[in-house]
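You will see chain A twice below: alongside chain B first, and alongside chain C after that.
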Partner chain A sequence: MDDKELYFWRGPLPETQALPPDAAPEPWGETRVVGKPVTRVDAYDRVSGSAIYPSDVILPDMLHAAVLTCPHAHALVKKVDTAGAEKMPGVRAVLKDGMPGTNVPWFQGRGGFSSRLFDPHCRYEGDEVAVVAADTIYQAWDAVRAIDVEYEVLPHAVTVEDAMKPDAPGLRDGGNVPPAAKPYERGNVAEGFKAADVVLEQTYTTPCELHNPMELHGCVAKWDGPRLTVWESTQGVYAVQSGVANALKLPLANVRAIGPYMGGGFGSKLETGKYSVMAALLARKTGRPVRLFYTREQVCRSMGNRPANTISLKVGAKRDGTLVALESRAVGTGGAYAEDGTGGVDYLIRELYTCPNVRCENSSALTNAGPQRAFRAPGHPQGAWALESLMDALAARLGMDPVELRLKNVPAASQTRNGVPYSTTGLADCLREGATAFGWAEARGRRPAPSHIKRGVGVAAGMWQGGAGGPPSTAIVKLFPDGSANLNMGASDIGCGTKTWGAQIVAEELHVGLDRISVEHADTGTTQFATPSGGSKTVPTESPAIRSAALDVKRQLLSMAAEQLKVPAADLDLRGGEIVSKADPAKKLGVGQVQAFGRRGVLVGVGYRGPNPQGKATNPFGAQFAEVEVDTKTGEIRVLRFLSAHDSGRVLNEKMFRNQVNGGVTMGIGFGLTEERVMDRQLGKLLTANLHDYKMPTALDAPADKTVIAIDPHDTFCNTGAKGLGEPATIPTAPAIANAVFHATGLRVTDAPMSPARVLRAMAALKPAPAGRKGEE
Partner chain B sequence: MLRTFAYVRPGSVGEALEQLEERGARVHAGGTDLLGCLRDGVFEASKVVSLSRIGELRGITAAPDGELRIGAMATIAALAAHPAVKERFTALSDAASVVASPQLRNQGTLGGNLCQRPRCWYYRGGYDCVRKGGETCYAIGGENQYHAIFGGGACWIVHPSDTAPALMALDARVRLVGPKGARVLPLEKFYLLPDDDATKETVLEPGEIVLGVQVPPPAKGTRSAYRKVRARGSWDFAMAGLAWAIAMDDGRVADARLVLSGVAPAPWRLHAVEKLLIRQRLDAKTVARAAAAAVVGAKPLEQNAYKVPLVRGLVEDALGAASRA
Partner chain C sequence: MSHDEQGKPAATATGVSRRGFITSVGSGAIGVAAAGALVKGAPPSPPPDTLKAGDLSAVTITVNGRRHQVLVEARWSLLYVLRDRLGLTGTKIGCERGECGACTVLIDGKARYACMTLAVEADGHEVTTVEGLMQGEELGPVQQAFAEDDAFQCGYCTPGQVMAAEGLLRENPSPTIEDVRHGMAGNICRCGAYAHIFTAVVKAADLKRGGR
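Presenting the complex of A and B:
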């Protein structure tokens, strides 16, 4: 997969004009503001409740909408009788298939096929059938329950095995199994395995995870004449603008999408939802603003998931630990509509370690289940679960330290991208410095206590295929005569602190306090174009444009001051609201005293994101270390402490860096220990459609003892040197825990999540070796 | 989204019983389970009768004779924090402290915890199952990793309460009042198995409510505890749990009561284990025999056989702890 074909963007990206080369800034040396652990600029708004999230928006005369979804895994809608519902108190509009305006083609998920807004062929429990707008949400739901639908229930398949059977019920013409993609191949794996001293093979399974962001999916829609405004909980307002404009055949200029605050997405809010189109249609029909948010159950069913995968992986190595062959077969389902159930699963197998002979084969099938969406590092945690577990097993078989085995195989170049070198790789340093800070050697050598509660430590490494960012991005910085500034950009803040690090960059370059910088963003009506925040690319995409915009303002200001002070602009510096001559510090001028500036009222600086360097690959890397306690009588695993070492280039804010890593680790603990979507095969329905049955980790599941180390190899791929972090942070977590469980008990749990049930099942299936410390697989 | 219902807050037990005579009336104690069931359409209510104004249902009292009296409306959090409960009825305070989450413990009541409906995802989901009067127990051929290994039959739910097994281990009695008058039952007789009636978990008659629970003073030398194993650290029901109260006399077991949670449609008392332990020293051999006896008669479904070694582990763990007394 080319870096420009990542899931958050399809097709080649336009290259935006960068600063002229002579204006390209030098990398930062010492910084005053950038990198410092400053508190988020919007922290007070967020914790006090004064931040208005899309689901908080209340407009005069606003109606509330509720969606009727199909209760069957697979059915044809024969008749929808809305007559009773339409007469109920407070009901203002009902929409169903066949009504004017509803014939909107719908494209659900990448690589999928077309259906329509209220497609009568319902392909999973949760497909939309009708929508009601009423004065109150209770009236809307009463009306939804009063709609009488006649379904012809069809046979269903909710597992990939069932869907691949020849007589499986078809989700579309042409069958459930899309044409097989060509396997990835380099070298010759058969020869590689022949040359290996040790060959290990294992099959691993991973859970289907639901994103479950805190804020539900939905929007508020309002028309002003021909112009539509949508307040939406989204990772990208420009994606919403184009999606809605396209669905409703509106000029882009007439659709304004607003979403500066949003309560989490993790990839599930990259695309335009049917809710935006339904809310807009209802608002147009009623002449009133409409609020439409899905319920938690509907979000669990319909708003995406991380596909479950079964990965069979085989590794061949020399006695000294040199890898000679890797071969994988992965199977998965993207559910209904989304063809690809294995996207990104084999990336680490192909790229993380030096290996001359690699073959990866993936297969998917459509099923009658909720369609997948990108989920924090699509495919990577699944791939890491297999690869990093098998690396640990290989280390045990070779009698090597797991850190040493990994260090033996750290690549300097990208093997999947024609061998181009990485602009920087901190993988080895993450492993080495992480191990030192964790006390790896000492913990590894500790003698087991004679108890049924066993302790152990484990390591896993990872990288993320994105994280370099790139064009397009435009940022605007406005400087006011009192030295205060405004940053304007289109990017969303999906939790990673976009406003804060953006303001820090402006503060750094314009030498102004953070309290004198305002930020406006994520509004297609007033801010610049940005691609959706996904792929861990918001920092590396936006930060260089912001820095360039701040420098553009500074250059203009200094050149005006130079004329006034009659010194060369190169002699001037901006310091705390004053322009000072470097040669003669007595020569200085307050920002407001620059006459040419005063006449203009405001100085506008524009910055673009330039292209990444040719012939280099840029990726973030990381290594994580876990210490666990396993109760071998009950199968309970407790994570006692955790250390994460991450190379994401320059750190823009040390506190947010730590918090983002620990958030990723907590999500990884969910993947490794607790989270799992469960479908019932009998009726094809989702059993875990709430936050009790779908078990996200609680505060008690994450260790209090968490350490985060930043490895900065001083990358210059962009003018801030900052790579992405959000996704890398969650990739190696689960296998680090599994490897610690093996070290503690000698038991290799190959199926995630490692619930007490799975641990006990694995113990029953296998009489464990006395200890993993010297044991063989 | 909740449907419309009437809501009343009577001031006395008598008034509450009158209000509950209406068909379709439901009791509201803490509401943590009721509201979820109403919202999800598990059952409906035309009227919700709150017990929150009835003073006599509140309170946790350690009587002079050593008996513990707990009103049905005492919150789980209050129970977990009560000094006398912690000191002398440890299993109950252990159990109360691991119920659900802090928010739910603050709101939830003991009466509600004893009477809560099962958490089976088929019962709670849109399935016309046996417990809702249908024909099929979907757990038998479906996703049954959290279901019963004991006492199943027409239905394989597990009883979700943590406090019930603890109270049963402590030999508690439950006080009920209804249209036909008041009665006191050993807690063990309060619960039903599917073989008795697969549509209800307790013997409560229509319009009957729990007034409170009374726990006799533990015999000299008694220790008790509750240990719960769950899929995550908080806000979760037991995959299996064990409440025990064991009285030791001169190094030998004088009396023992062991009750499991999370493995049967009612709190599951281990009579055979109790019998086997009497007058024994808790040495390795006895512990092994007891652990083996605990799982005799277990009938695992396709996905919950792990509960067999889990129960054995819990029994070993508990007796190990008791032997260190």
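Presenting the complex of A and C:
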């Protein structure tokens, strides 16, 4: 994955125009509003039920659509008979391949190959075959069930091993294995291992994880003559606009994508899906608005996943813990259509610790399974699982404290980016302050209880490849004559509180109460361009533009007031709705008394995101500590308490910061303990296509005892100094738990998730089975 | 309602036998009440053996204190009627098979999944949705606590969490954190806001008792 890919934008990145000279204001010192744990500005809407999410949109005369998908892992559609379905009560339109308007080319994900909307070559269980719009959703499903499809079932491969075989069924011309990327290499690993005092090697596996945001994927589409409006549950309205306009060959200006509320994405809603195109086509055919949402089962099959990976990792170190060599081999599958099944997996191995000799090799193959999509820190939790587990094993081998071993190898510069220094790194502080707050030394020294329930503590560190943000971003702040303000920006609020911290920045600069600020966002018809909210870049990308826009308004206002008061603008300050002279506080004006402003009606300030400094690398870092309990009789693991220390630069809202970190940890607990997509190798079908079989953490899996520490090294890479947080928070969680399991039991579980069955199996391998119980496995 | 096109569920366009229907609905008083509901609005005698998709029965459901008379198909879920017939979209849809809790409402004061309740089962019962916890324009205590404690991120599971908490607190006005973890275990939050949900529920209990 190259850094640019973290913008999740197809085609060349738009650039921000030249910045005004004062776009780089002084960093904030003491703040009044920024950073404070204020309640979200849209909390009321979200807890009252009044927030309208895309799946809540009800339009007059609206139809409901349901999609027929292929039940086979690999098949050719020979015939689709929709005659019966079309005559059923309430049915208004049916679409299948070959009907007018359906010949829409389709590219799934970056680097994917082209297929089409209802491609007769179905490459996984879940590929779309036909769609029906009817008066009610029940009628739409009745009609979907009545469609007769003749399939020629083809042989399939759902595992990488099967897909890589020379006689494997091909998903496309040219084979399932994409041309191998050049391995990453620096130094000389062979020499490195020769110089090492200790060499450890281990193979790790990680589960395929499904995003499963709570709001399903889909949209409502409506035409007004040549213009299309799409209300979509998305992380980026501009990505939806361009995706739909491309597919339907419409002018961008005629596609409006709206999505200010959305019920979670985690990377699975960075680009639009076939649903928007299908809904638009159905709406055009019927002349009525159409709502089309996938079912939970369909979301599990089709709406992305984190590829499962097998990672073999070898580490060489000196007796004092200095790393001298790291070598990894990773294998994965992006499923059907998505070529890369290992993106981001080796990033931590290359970057997290100082190491002169590194070699990383990755390989992927296409399989007949649901295609991957970017999933919260693509590749990183997998890489962390391997690297941070092996670091723990290395510490044990060297007889070193795991925190000390990591501290020994903390880098000051980015080794994958030609050694440029980090603008700041709080990694060492995260480890140190985290350990102190957690009571690490004491907890590690505790004597084990003489019980089958064992307790232990573990640590893991991490960083995220992105999180620096950057251009482009444009924000607009409008000031009204009564001193109230409006913030306008394109970014989505995927749960990280975009509107709230945006309003806090405006409040900080303009001295306005949060209750006097309104926010408009995520609407291509009315708000500014923004790349999708992903890559933990919403805060570092948008917040500096918002600050600049607020300062632009302020500058205009003060210069108008300066003229009226006949003092230099630099002498004026804006506070509490008044403009006051610093030299002579008797000289002041209410915002509404500025005559030039009155004649203008509204003051408009524009802010742009400037580039990050040259010759520096900016990344967020973190360290997490877990205390667990392992029941050695049942194999169950309980996370008792968890502490996360994160350097994501300046905190914009302390309460939301804490919440987001804990959310990432919860997802990491799922990765480490409960979540796993299971495919039937023989049938090629998904066995965990619902939330009962696919186990996401519930209230009982998440510890109540969670502590979050913010480490702020006062970075000035952008004018707010805030780095990304959403992804770093989920990266080290699972290995921290695994290392705690090792501390508790002496058991090194290398396969995630650490289900009770796996723990028991590992335990059986550790000690000889008791007499009489042999051969039961 | 399972929309899965790949398995043919019992309820299809060809109809549901009353017997199969009642067994599938469940047991006890609700099953009997539902059976009563089916004949209401139909010709007095004899009741039809089979209801087809499209056959409508009249039900009366009190939602947030307002009586609604609705014509429903026997297979319609309460969730569908609330959202798509009554326009109460505060109640969310996450799985439609009783696994996520996004659709949680109170039926006669108890937390229930609206997706697993047929509209005919709700006939004659009192339903409270998240909209019904509002006191005019003011947030109710559970809503207030969720807002203050930042007990959500995307907010999509939130109405269901709020209703589960409301149901829990009506049964147990002073829950411990452990009680809360168990009481809220039927509601998934993919954003993982659990830590804040736990404190919010405890705070809500306090607010309900008149504390501040």
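One rule holds in what follows: the second predicted complex is superposed on the first by the 752 of 777 C-alpha atoms of A that agree within 3 Å, B and C clash if a C-alpha of one lies under 4 Å from a C-alpha of the other, contacts with A are read in each partner's own complex, and residues count from 1 in each chain.
Going forward, contacts are C-beta pairs under 8 Å (C-beta built on N, C-alpha and C of every residue); 3 or more make two chains touch, one makes a residue touch a chain.
The structure displayed is predicted, hence computed values, not measured ones.
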What is the contact status of A:K318 with respect to chain B (first) and chain C (second): first, second, both, or neither? neither
Based on the superposed arrangement, let me know which partner A:R516 touches: chain B (first), chain C (second), both, or neither? neither
Which partner does A:A51 contact after superposing on A: first (chain B), second (chain C), both, neither? second
So in the superposed three-chain picture, is A:R186 touching just chain B, just chain C, both, or none of them (first/second/both/neither)? neither
One more residue to check, A:A66. First (chain B), second (chain C), both or neither? both
For A:W141, using the defined touch cut-off, is the partner it touches chain B, chain C, both, or neither? Pick first, second, both or neither. both
First, second, both or neither for A:G263, with chain B first and chain C second: second
Counting only touches as set out at the top, which of chain B and chain C does A:R446 meet: first, second, both, neither? neither
Which partner, chain B or chain C, is in contact with more residues of chain A? C
So, A:P89: does it touch chain B (first), chain C (second), both, or neither? second
Hey, what residues of chain A end up touching chain B and chain C alike? 66, 71, 137-138, 141-142, 295, 692, 696-700
Of all residues in chain A, which touch chain B in the complex? 66, 71, 137-138, 141-142, 295, 631-636, 673-674, 678-683, 685, 687-689, 692-693, 695-701, 755-758, 760-761, 763-764
Where on chain A does chain C make contact in their complex? 37, 39-40, 42-53, 55-56, 58, 66, 68-69, 71, 88-89, 136-139, 141-142, 144-146, 212-216, 261-264, 266, 295-297, 494-497, 655-656, 658-660, 662-667, 690-692, 696-700, 702-704, 706
Please output the residues of chain B touching chain A within their complex, sorted ascending. 1-4, 101, 119, 121-122, 125-127, 138, 141-143, 145, 229, 231-236, 239, 303-306, 309-310, 312-314, 316-317
Please output the residues of chain C touching chain A within their complex, sorted ascending. 1, 3-6, 8, 12-13, 53-54, 73, 75-76, 80, 83-84, 87-97, 99-100, 102, 129-131, 134, 139, 143-144, 146-148, 150, 152-159, 162, 177, 180-182, 184-198
